[in-house]
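Going in written order, the chains are labelled A, B, C and D, and every chain counts its residues from 1.
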Amino acid sequence: YGKNTIKFLRLHKEGKKHCVKEVEVCTHLRLTSAQEYLDGNNSLVIPTDTIKNIVLVLAKKNGIPTLEQFAIDICKHFMTTFCQVAYVKTYVQEVPWQRLHENGTPHIHSFICVPDGIRFCEAEQCRNGPLVVFAGIKDLKLMKTTQSGFEGFYKNEHTTLPERHDRILCGELFCKWSYGECKDFDFDCIWNKARECILEAFSGPPDCGEYSPSYQKTVNCIQMLVLSKVSQVQVIEVVLNNTFYNVVDMKNLGLTNDKEVLVPVETPYGSCACTLARKKFLEA
Amino acid sequence: YGKNTIKFLRLHKEGKKHCVKEVEVCTHLRLTSAQEYLDGNNSLVIPTDTIKNIVLVLAKKNGIPTLEQFAIDICKHFMTTFCQVAYVKTYVQEVPWQRLHENGTPHIHSFICVPDGIRFCEAEQCRNGPLVVFAGIKDLKLMKTTQSGFEGFYKNEHTTLPERHDRILCGELFCKWSYGECKDFDFDCIWNKARECILEAFSGPPDCGEYSPSYQKTVNCIQMLVLSKVSQVQVIEVVLNNTFYNVVDMKNLGLTNDKEVLVPVETPYGSCACTLARKKFLEA
Amino acid sequence: YGKNTIKFLRLHKEGKKHCVKEVEVCTHLRLTSAQEYLDGNNSLVIPTDTIKNIVLVLAKKNGIPTLEQFAIDICKHFMTTFCQVAYVKTYVQEVPWQRLHENGTPHIHSFICVPDGIRFCEAEQCRNGPLVVFAGIKDLKLMKTTQSGFEGFYKNEHTTLPERHDRILCGELFCKWSYGECKDFDFDCIWNKARECILEAFSGPPDCGEYSPSYQKTVNCIQMLVLSKVSQVQVIEVVLNNTFYNVVDMKNLGLTNDKEVLVPVETPYGSCACTLARKKFLEA
Amino acid sequence: YGKNTIKFLRLHKEGKKHCVKEVEVCTHLRLTSAQEYLDGNNSLVIPTDTIKNIVLVLAKKNGIPTLEQFAIDICKHFMTTFCQVAYVKTYVQEVPWQRLHENGTPHIHSFICVPDGIRFCEAEQCRNGPLVVFAGIKDLKLMKTTQSGFEGFYKNEHTTLPERHDRILCGELFCKWSYGECKDFDFDCIWNKARECILEAFSGPPDCGEYSPSYQKTVNCIQMLVLSKVSQVQVIEVVLNNTFYNVVDMKNLGLTNDKEVLVPVETPYGSCACTLARKKFLEA
């Protein structure tokens, strides 16, 4: 198979207001034949340059109403236009431009980049198969300064980690979920709801939080809340890259450090991942 | 000279609310003698490990009331404690953790990383010289989708760039300014005011913006507004790394592209920089 | 599942000569139960810290005779020691330290880092399944300045790419291959042979080279040569990330540019990938 | 001032052999007037696009005989062509393509990227001032596994570092040196000689090495050897970014670790730097 990536800006106006979407689009294609690999016969190969042109033309003609709709448009175009395409996957990710505000007033044409989690989506289709749509968020860095511990784990002669009931929980989240059949979905609204669930499940109630006994359990809480609150989500995968922080031992320096000064531990670093699906989906 | 970098987290509580500052501190030292270089005599060398300990101990004892105050504390410590130090510079930069909110309610202990411009500061001092404080913002990405052009530039036989009166202005800003004598400064308040000036000067009025005839002029506007609105700022340096966008030529594809689809130009990329000081400062 | 990464140095002596291996080891584990995710019950969880200790202890006890043997040792340790482990995968990659030479004489204890392709391997095992070993090279950047073209590809109304019979072929290679049952393999020798095949197939004969009609065909040539010359390789995957170079049009500058000055095209960039297996392997 | 960066490939043939230089060129300009900043008057501004064209045209016309000669050509062009230029600096760095060899035979047109230290140079000139040329190497990673210690350093109540007489010395070197008046220099030959001196001074004799009492002393040894062996070098600056390695304490795991297994310490990390000039140069 082959894939290629193109980055571009799509501008449009709503009344006097200027709007901007900057996206990176990666298109994967697998052809029905592998003759270009085996025989050096390029007659079915769609050049990278052509794929780029198609993506830009679709952006020009349709705009980018939502990332998901744009990915769907691209998939459909390749499937219907090229009979030599056996499989197509389109990944779209957004540069997080946000409109600037001055004293609460939105600016007509100025934007600031705010990368507090990157929105992405994927649409994929095999010839004669259904078009499947995924959405997600990545590079979302979160921290809880308390209400996190790790106790009762498996121990043997190689164990040196002490049990902790009040540590820092910090990590970079990757979440990706799939939708069922997409009829008239408001993809922006759904995505925002999913993001809110992620933050809520990570944090717990604002006034007291909720104790996390492990990174793994926090991953599961996020999945459960998204599945329960966002009915369109069928399967959800979460990967949490952990950043560990050690309380600095200051005894040699004549001081008691009561979880006031901590240093990040670069290595080992870990991650935990889980994929969870609705029962009805698994049964289907 | 030598320098070293340490990254750590400082936690404290305000009532029930947990607060967090994660900083990266880089300390430069120059000693009065170079005997460790010339003779391999280490007797005056302050090891990296000791510098780290000092930074962590100061963080533990004083907390980090503001980045600037913390940098000042470190500088002063080195100057007063070690007579072999001829020069010290401390750079402090902040990991942009922001408190999470749920439906408007601030969370007691959960944070999200929002890197929309990184705050930093520097304090430096030569033995027998004044302590000078700088503050700044870096990695601030801004875009104007209109009200920007570039015309009337110098032309010769190597010129191929057309004049443009409606282009994209996009770039990554670095701003660094110095303060005069710091007596009872509210560093957080001053920094926020400076940041607001930068955004305002870049954008112009929210309802119509203001035409920028060049990246250079925009750099100057930012400097002028900060100097006029923030009296504590004495000298201000601005560097703007430009990202150019080209309107995609779609004639060959049978389409007219009226600044709707643009691609970023990776190379050549450029930057412009300027340092501006108050007249009274220059005269002094 | 969970994974974690640890980086370390293993030193030993051969006579008076000092030897060094610096590796990054990433261990993935999947447990037989998911109770830590679902119930917050950590009793079967093997902490990241314990995994780190095990990897370091194995390095101390066994050394790192080859990357592959070390990965096999780690896999076997986890499978035999922890009955709650359902699956283990160990990835090992080497920091490319090479012994320094002075006028042809090897230095007893000094090394230089030469990252002309990074060697890695993987060992994986499911409980009750066979232990499978992979080896590979990544980040290998190669260029042919001629003997490369791209012609006869599929064309339609979105095609703007001209046919070319003398372009630059440049890219970053990733190759990964699997071994069959590993009995008394000399992994270092096999890996070096595979690397030589890759370079030879990419380049062709030194005096004239060999024409490449596409990136895809070059990928295939690499696979075919490795399979034919290295009998231990059963399946080989190659991914080639392309860097395109455009001949700069200098007509406006009054010059003819006969493929003398070219600029890299950052976007779109592409890659092609293919996995090829021996017939006997597929039939097995 | 403004600067801009362009990356490109320059190909030529020597007989049947194809030769390649890929370089990144960064040109800084300061104009005699700042009217584009102050008044938005662009009439003296040389656009980034024009600078790019000039660099490419010079590469086309003159080739890149050596990095240094190319940088000199660019500087001279700007100074002689544009009377509004008050200062020009050109930085050139090379992508380290090396010709592939098959069984000792050099390949006619195939290359591999071998980044074991990046060669760069700089030429700079003020109007009415001399043209000054610098050359250097960066990203050169070196390691000594023994013959390095750190003892007898300054101690006080914040010292926790133990003295060590057999540690790892590992770091990333940056060296930059200036030439005097360049008449008929063989820049390639001089650069290679300087690189050899750096490696030799870092390592010591191949059969036994030479003890380094500190990173600082190693920096000085490098400078002294280059100055003594390469007469064209007038001033030399060396920065050594240290990577520290800690011997893993395995007592809790029931093992003695005799400097066999070490882990890199990510933070704090340090660097030391020194600039050294010939006496005759300082006296001049």
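In this section, a contact is a pair of C-beta atoms (placed from the backbone, for glycine too) under 8 Å apart; a residue touches a chain by one contact, two chains touch by 3 or more.
All of these numbers come straight from a predicted model, not from anything done at the bench.
Student: Between B-C and B-D, which chain pair is linked by more C-beta pairs in contact?
Tutor: So, comparing the two chain pairs, more contacts are at B-D.
Student: Using mean Cα positions as chain centres, tell me which chain lies farthest from chain C.
Tutor: Result for the farthest chain: B.
Student: Distance from the CA centroid of chain B to that of chain D, rounded to the nearest Å?
Tutor: 26
Student: What whole-number Å value describes the gap between the mean CA coordinates of chain B and chain C?
Tutor: Whole-Å distance between the two chain centres: 39.
Student: Give the residues of chain A touching no fewer than two other chains, as numbers and ranges.
Tutor: In chain A, 6-7, 53, 57, 158, 160, 253, 263-264, 267 touch at least two other chains.
Student: Which bits of chain A are touching chain D when the two form their complex?
Tutor: Going by the criterion above, the answer is residues 157-158, 160, 252-254, 263-264, 266-267.
Student: In their shared complex, at which residues does chain A touch chain B?
Tutor: It is residues 6-12, 18, 20, 53, 56-57, 59-61, 97, 100-102, 105-117, 140-147, 168, 199-200, 202-209, 245, 248, 250, 253, 255, 257, 259-264 of chain A that touch chain B.
Student: Quick check: in the complex, which residue numbers of chain C touch chain A?
Tutor: 1-7, 34, 36-38, 40-54, 57, 81-82, 84, 150-154, 156, 158-161, 213-214, 216-217, 219-220, 242, 244, 267-274
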